[in-house]
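The structure appears below as structure tokens.
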Amino acid sequence: MLRYIAKRLLNMIPMLILISIISFIIIQLPPGSYLHTMMAELRAAGDQISMDQIEALRIHYSLDQPVHIQYLNWVKGIITEGNFGFSFEWNRPVKHLIWERLALSLVVSVSSLLVSWIVAFPIAILSALKKHTFLDYFLTFVGFLGLSTPNFMLALILMYISSVFFGFSVGGLFSPEYLMAPWSAAKVVDLLKHLWVPMVVIGTSGTAGLIRVLRNNLLDELGKPYVVAARSKGIGIARLTFKYPVRIALIPFISTVGWQLPQMISGEAVTATVLSLPTAAPLLLGALRSQDMYLAGSFLLLLSSLTMIGTLISDILLVLVDPRIRYE
Amino acid sequence: MKKTLCVMLVLTMLLAYSSVTLAAYSEAPILAERVAAGELPPVEERLPVNPLVIEPFEEIGTYGGIVRNAHRGPSDNTGYYRMVREPLVNYDNMLVEIHPNLAESWEVSEDGTEITFHLREGLKWSDGHPFTTDDIMFWWEVQNTREIFPAGVGANWIAGGVPVEVIQVSDLTVTFKWAVPYAAFVNWLASGQETYLPKHYLSQFHANYADEAALTEMAKAEGYSDWGQLFVNRSGERTNWRALDKPTMDAWIMTTGFDAPILISERNPYYFKVDTAGNQLPYVDTLHRILVEDIEVMKLMLMAGEIDYITRNLWTTYSDLPMYIANQERGDYRIIRTHGGTPGALNLMFNVNYDEDPGIAALVNNYDFKKALSYAIDRDEINDVRFNGLARPGHGHFHYENPGYVEEVDQRYIEYNPELANQILDEIGLKERDANGFRLQPDGRPLTLIIDGSTHHQHHSAGGELIKSYFEDVGIRTVLNVIDRGLYEAKREGNQSMISFADLADPLIPLEQTGHKITYVMAPLWELWFESNGTQGLEPPADVIRLMEIYNTLAPATSDVEVRAAYMREIAQIWGDNFWTIGTVGVPFNLAFAKNNLRNVPADGAHSHPANPAIYRPYQWFWK
Amino acid sequence: MDPNQAAIHPELTEPEVLKDAEAKVFYATQWQLMWWKFRKHKAAMAALVIVVMMYLGAFFAPMIAPYRADERHRGYVYVPPQKIRFYDEQGFSLRPFVYPLRQEIDMETMQRHFIEDPTTRVPIHFFVRGSSYKLLGLFPADIHLFGAEDGKVFLFGTDDLGRDMFSRILFGGQISMSIGLVGVFLSLFLGLLFGGISGYYGGAVDNVIQRVIEVLRSFPTIPLWMALSAALPPDLSPIGVYMGITIILSLIGWTALGRQVRGKVLAIKNEDFVIAARLSGTSEPRIILSHLIPSFMSHIIASLTLAIPSMILAETSLSFLGIGLRPPVVSWGVMLQKAQNVHALMMAPWLLIPGIFVILYVLAFNFLGDGLRDAADPYGN
Amino acid sequence: MKKMAPDSILDVRDLTVKFFLDEGTVHAVNGVSFSVPAGRSVGIVGESGCGKTVSAYSITRLLPKTARISGEILFRERGGDITNITELEPDGGDMRRIRGKEISMIFQEPMSSLSPVHKISNQLSEAIIQFQGLTKRQARARVIELLQLVGIPQAERRVDDYPFQLSGGMRQRAMIAMALARNPRVLIADEPTTALDVTLQAQVLNLIRDMQDEFKLSLILITHDLGVVAHMVDYVSIMYLGMVVESGPVIEIFDNPKHPYTRGLMHSIPKLRGRRGERVEPIPGFVPSAYALQEGCPFCERCPMREERCTKGIPQRVQVGSEHYVCCHVYQPGEGEPDVVNA
């Protein structure tokens, strides 16, 4: 087991290198650079900037160097000093900006993931056991409805409803009065009041997929001879369903956790933009827009690495729950 | 004449001063508590010898409360600056008169090259440290520090090719000496430019005063590459202009950062202004700026009553006006229309240096072609569908209330007359059409106009669709290309743009914002010629050279409104003769929102980007 | 072989009988079986009907739509969906009609009101002459399915420029519903190609392709799209942007299919008949392809069906972020861009109607895909 | 109280099973009757699809929900009471009490009949722990004992294996152990050797016979292989298309087969030996569809002795020996012994 994990970790190194290169290429792809954004902002503010100044800034930000040198410097900083570079737009080291946001992103994504699991699990089992009944169709329909509704639309509508009809303060994860307050029971309640919107929005889009995977797996398993064999021993249906088919149907389900994460983060990106959540995504999107390259690149790198770790975790879980893989 | 005005103003102030010194000053209850607890000296000792007396817009207010505002985070930092900044001198709320502020008085030398400011005596930073001309000298030192400003001092501090010379005359007197006459420097400062930094605090981060090796180490430890970046972070110079822990002269002291969920500012006990009853300002204890990244959320918050005052970010959302009005009762706010606005929304900037296609290049420089296109635009429809009829058709470089406004030039060729447009286009050799009915270039090649817009401006997309259809109605194939702001700027700079949309704001101050000169003509190669002092780019024609002369030397030399207005009319004429751009419509006002019981917010005010909303004097707003 | 013997060998004889040229019949029966099973799936059948109707609607958009997509109606900005009436105080009318609208702008509230005039009826006629168009891009015509000859009819209201939402939804469907198809076929191609190569050659090639797939799947898609679409040349024509977005969507979308194909190829590679083919010198890839396609076809169809809706959702998300298709191209995503603000929600909620079509389309395709997969599954039921 | 033959433990009477599917109604079992004397063994033999497995599943009520059962399956409880299994809820408490404890089953596919992700110990001890109230340790000891009993070497180690770690024969042995875990009185073995290699088949069959002796089991052996039943069972019922066409003591049937179908099967035995997974040596023609009930004798299409009357009316069961019954028009009362025409 340990050897397996070690091997997988070792495998991740070339992948991470590849990811960092792709991240860097991606942020270099669009024409222009942050300086153009800066010029646009200065112009909008009525200031002006001369060619000499632009050139000086280009040198100051090392934008005059070849791309591969910029890349190597960036990677060197990350490896040797944990320095992810400098954010032009925020005028701060990237590392000061990302961790808190990333943590909140994880909170929102993982809690959405949990929500979609909690919702998908009973629905899938119910609709598999009650296959081709009204309940099955209804639950499947509800699941698909969540999948079909574009995230941003759902987010906007829920935000609107919660503001106009329930009077909840909109946007963000806290009401203004709790934003700066220390943690307390009231603050948690307030967080939940806000968190439900992104959780529902992001969760619903993934739920349908989970329901489908689990339901189909379960239907496959329910027809397997070992279920009949277990019944022939006199074991009750509910008991054996949970002990055997559900357990086995969960195996491919677990393997989906890894690749659910990037989907959740993408879903979170759009939702967080609409809902103005202080998570990584809006910052990343803003950085991509303004070509704040190190900030954008670092986020891409870290988010993708998170996904790789997520995949690794789900593979390890898979090994733990499926002896067939373990003994291969 | 200006000088006399200043002296008179100072005299009035002195009179006001003498009348209030008789009464004892009052202070906010929370400060009184701190005084009682021995944490603060009494108010008399905190105020300068002669505090600035402010007459409230409506009435004497009461202390306390929080004013909630919203912003979009660090990139939106200028909004905070524009609300609290304290320049040496200040405009009134209509941008007409200049009042003393930190400077009690000032003089401009006869030749207009030397401007001398006399600081108020006994001014104190928010930490109680005295404010003197040392802080101005330190500021200038910082501007000239390469590690902090790698590109050197900003263009605004250079006139006639030579940077300003800052001369410390005494602790309270400082002179700005220019190589060429620059009387308008005072106007520029008054619109909101600060020229000081807390030397007693920031010198510890500057290598001229502290050990460079230690500073560098400190910078590295915090993730900065050099001490310059560290200084930028501590001073906010070049970035937010405000920074945590940095002493300030503002009415409120920032206690959380720009990236905090709420930027919270608490009252400055050493603030140097009092009302006419001798109450130390500000009235409001705390400012909140809530970080909201999405403007739609901001609107919802406003309408839910969660924002007490806002103008920035929502000031040009004209098409939402029906919604704001419909939700006024729920949000308990009033809508203030400030003068200024966006006289040119959706202006078509023709790139006169465009050179990728000689045929097109000739057309974008063809007066009659642009005249025809102008006739092809149905401005009434744009006004109706985009601005609910609130807009005003015209070419929109100047607000109609601007003294430099020339009606004939602004209203030239703005009638909707597609027949005439077609006739002109036929006449200038664009008679031949392709199978789809689109006009061909005289040499038979297809003719396609590409208009760039920026996603940053909400009209560019919807309004652009209208423009496209108007042009196609008269047979000009048009491609609309609304792109991200950075790309849009990169295209313009790279001389790749054929035509682009721009929204023009008019500061109402004649020739104040030199940066906006770009709005009169789009010509990247001419700009390059000016910026490279004639070594690169293309030499512009005489009209443009005259334009730049007015901008760079003639107008700055004088602060006489009449003279400047005359220059402005000349610019309008030059523009009219060349017809570089086509305007569509503009909205003569901007939007601001204030809670109904937030008082002393002026019902009328001018809107200018650098000055607004500080000229509405937030320090004398109060909750009634 | 003794013919009697053959007759009493039912299992063994089947392939013998079908050996020559009967393969088609064999597959056909497989398809028939699928169709037969599919038909039982009522939700999938309903979904099929909806999908077909939506595509027909888009296909015949110029005819069905009463107006052109870019046709503006002065004085009819933000008209709410109109009520189609058969009955009013003047009695019942077999021909549906609407009331003419008069716009009033309340200068106090800046609100536009559209006052119905119940004294006149604007009858809705079918097969009326209107603006001319080319049906299927070929046949000039000016007949529209319905229209109000003496007035205006806006089934779903109008947008901020006074354009008929109903007509725009139909035209927008042309783009939105084809971007999924084009994108899906491109990713199918990529998936088959790389999945096949990966499974067939194995070894280092497989390893590289698998790593690439893993890396592609690790990137959060939205930022990846953002960056890639920002890299599209800014001067691209609307059609160019359309193609670019499609390519980007499929560049990222092929990985899932690629993995499945690889697995299948690996499995088939070790089947007896492939080994036999290799020994007999037949081209191995050919054998694999000829066995892969039929045995995998149903699965491919099902997963393609499920991939199409995710393409359309991606398109709307991209357009929402302002990096997808851009006006004046009409797509559902572009239309929804106008609905993504509070103003639309409060003052003109009908701008969200394209969203209902997106939901309907995605929903229908999901049920369709479910039905297809169930039908294709030999062990189902 | 129903009446049963005094020595019977299980009496199946006129069992009919129909499946109501969307495609139509499948008449899987049409009036099957047989009885299992206590401690004896009964073989049910027939081609795939003849309804033998459905009959077996009916006894334990493990059929899918689409199945409708009628007729009687009488079971004599330990106390002597008689329960009609067809009247019980398929997954109700009474039925579950009978399953495993009274009647247990061995299935065709040992691999798929065991959960792939649970250890042998877990699957075998499950019912013991749940129903006999043994502790985990006691149950484990019992499982090892059972495994030893069914001849699994190194049972102490094997008990912690997963099914996929065992060989096919071992798996079937484990299945048998699982079926015997609660000392049932009736064991139904549904094609227990079909999935096994030839060499293993005999071993497993011998094991089943040994276990029958060991546990005093009444055995129902379901198979398509007439050869298998010859030395395994006391009585045999031959099924064709949902009906028992002939039944009787195994020696009687082998010595004196009456029904043409039985005869057909007998002829196929030598050829079939050793061919795994293959069906009975073909009898001319196809098995008719089970969707439509035949008007005449179900076998008449393929019957070498077909006569006019065979197409009209289903043949009655007639006694042709002391315990030997046959369903064939040829043997209807009043008819003489017909000529046997060998194909």
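The first chain written gets the first letter, and so on, giving A, B, C and D; residue counts start at 1 in each chain.
Basically, contacts are C-beta pairs under 8 Å (C-beta built on N, C-alpha and C of every residue); 3 or more make two chains touch, one makes a residue touch a chain.
Fair warning: this is a prediction, and the values are worked out from it, not measured in the lab.
Farthest from chain C, judged by the mean position of CA atoms in each chain, is D. When chain centres are taken as C-alpha averages, the shortest distance to the whole-protein C-alpha average belongs to A. Chain centres here are Cα means. That of chain A falls 26 Å from that of chain C.
Computed centre separation for the pair chain A/chain B is 39 angstrom, with centres defined by C-alpha atoms. Chain B and chain C have Cα centroids lying 48 Å from one another.
With each centre defined as the average position of its C-alpha atoms, the distance from chain A to chain D rounds to 55 Å.
Looking at chain C, one finds that residues 230, 234, 340, 342, 346 touch two or more other chains.
Multi-chain contact residues, meaning those touching two or more other chains, do not occur anywhere in chain D. For chain A, residues touching at least two other chains, in rising order: 30-31, 156, 160, 164, 273-274, 289.
For chain C in complex with chain A, the residues that touch the partner chain are 43, 211, 214-215, 217-224, 226-228, 230-231, 234, 309, 313, 316-317, 320-321, 336, 339-340, 342, 345-346, 352, 355, 358-363, 366-367, 370, 373, 379-380. Those residues of chain B lying in contact with chain A across their complex are 68, 74-75, 78, 150-152, 154-156, 222-225, 229, 232-233, 238-240, 256, 259-262, 264, 288, 290-294, 296-297, 300-301, 303-304, 306, 454, 456, 484-490, 493, 507, 513-516, 518, 528, 531-532, 536, 609-610. Residues of chain B that touch chain C in their complex: 296, 299-300, 303, 319-323, 325-327, 381, 384-386, 388-390, 450, 452, 455, 461-462, 464-466, 468-469, 479-484, 487, 491, 496. Of all the residues in chain A, the ones that touch chain C in their complex are 14-15, 18-19, 22, 26-27, 29-31, 137, 140-141, 144-145, 147-153, 156-157, 160, 164, 208, 212, 216, 219-220, 223, 259, 262-263, 265-266, 269-270, 273-274, 281, 284-285, 288-289, 296, 299-300, 303-305, 307-308, 311.
The part of chain A that touches chain D in the complex is made up of residues 224-226, 228-237, 243-244, 247-248, 251, 321-324, 327.
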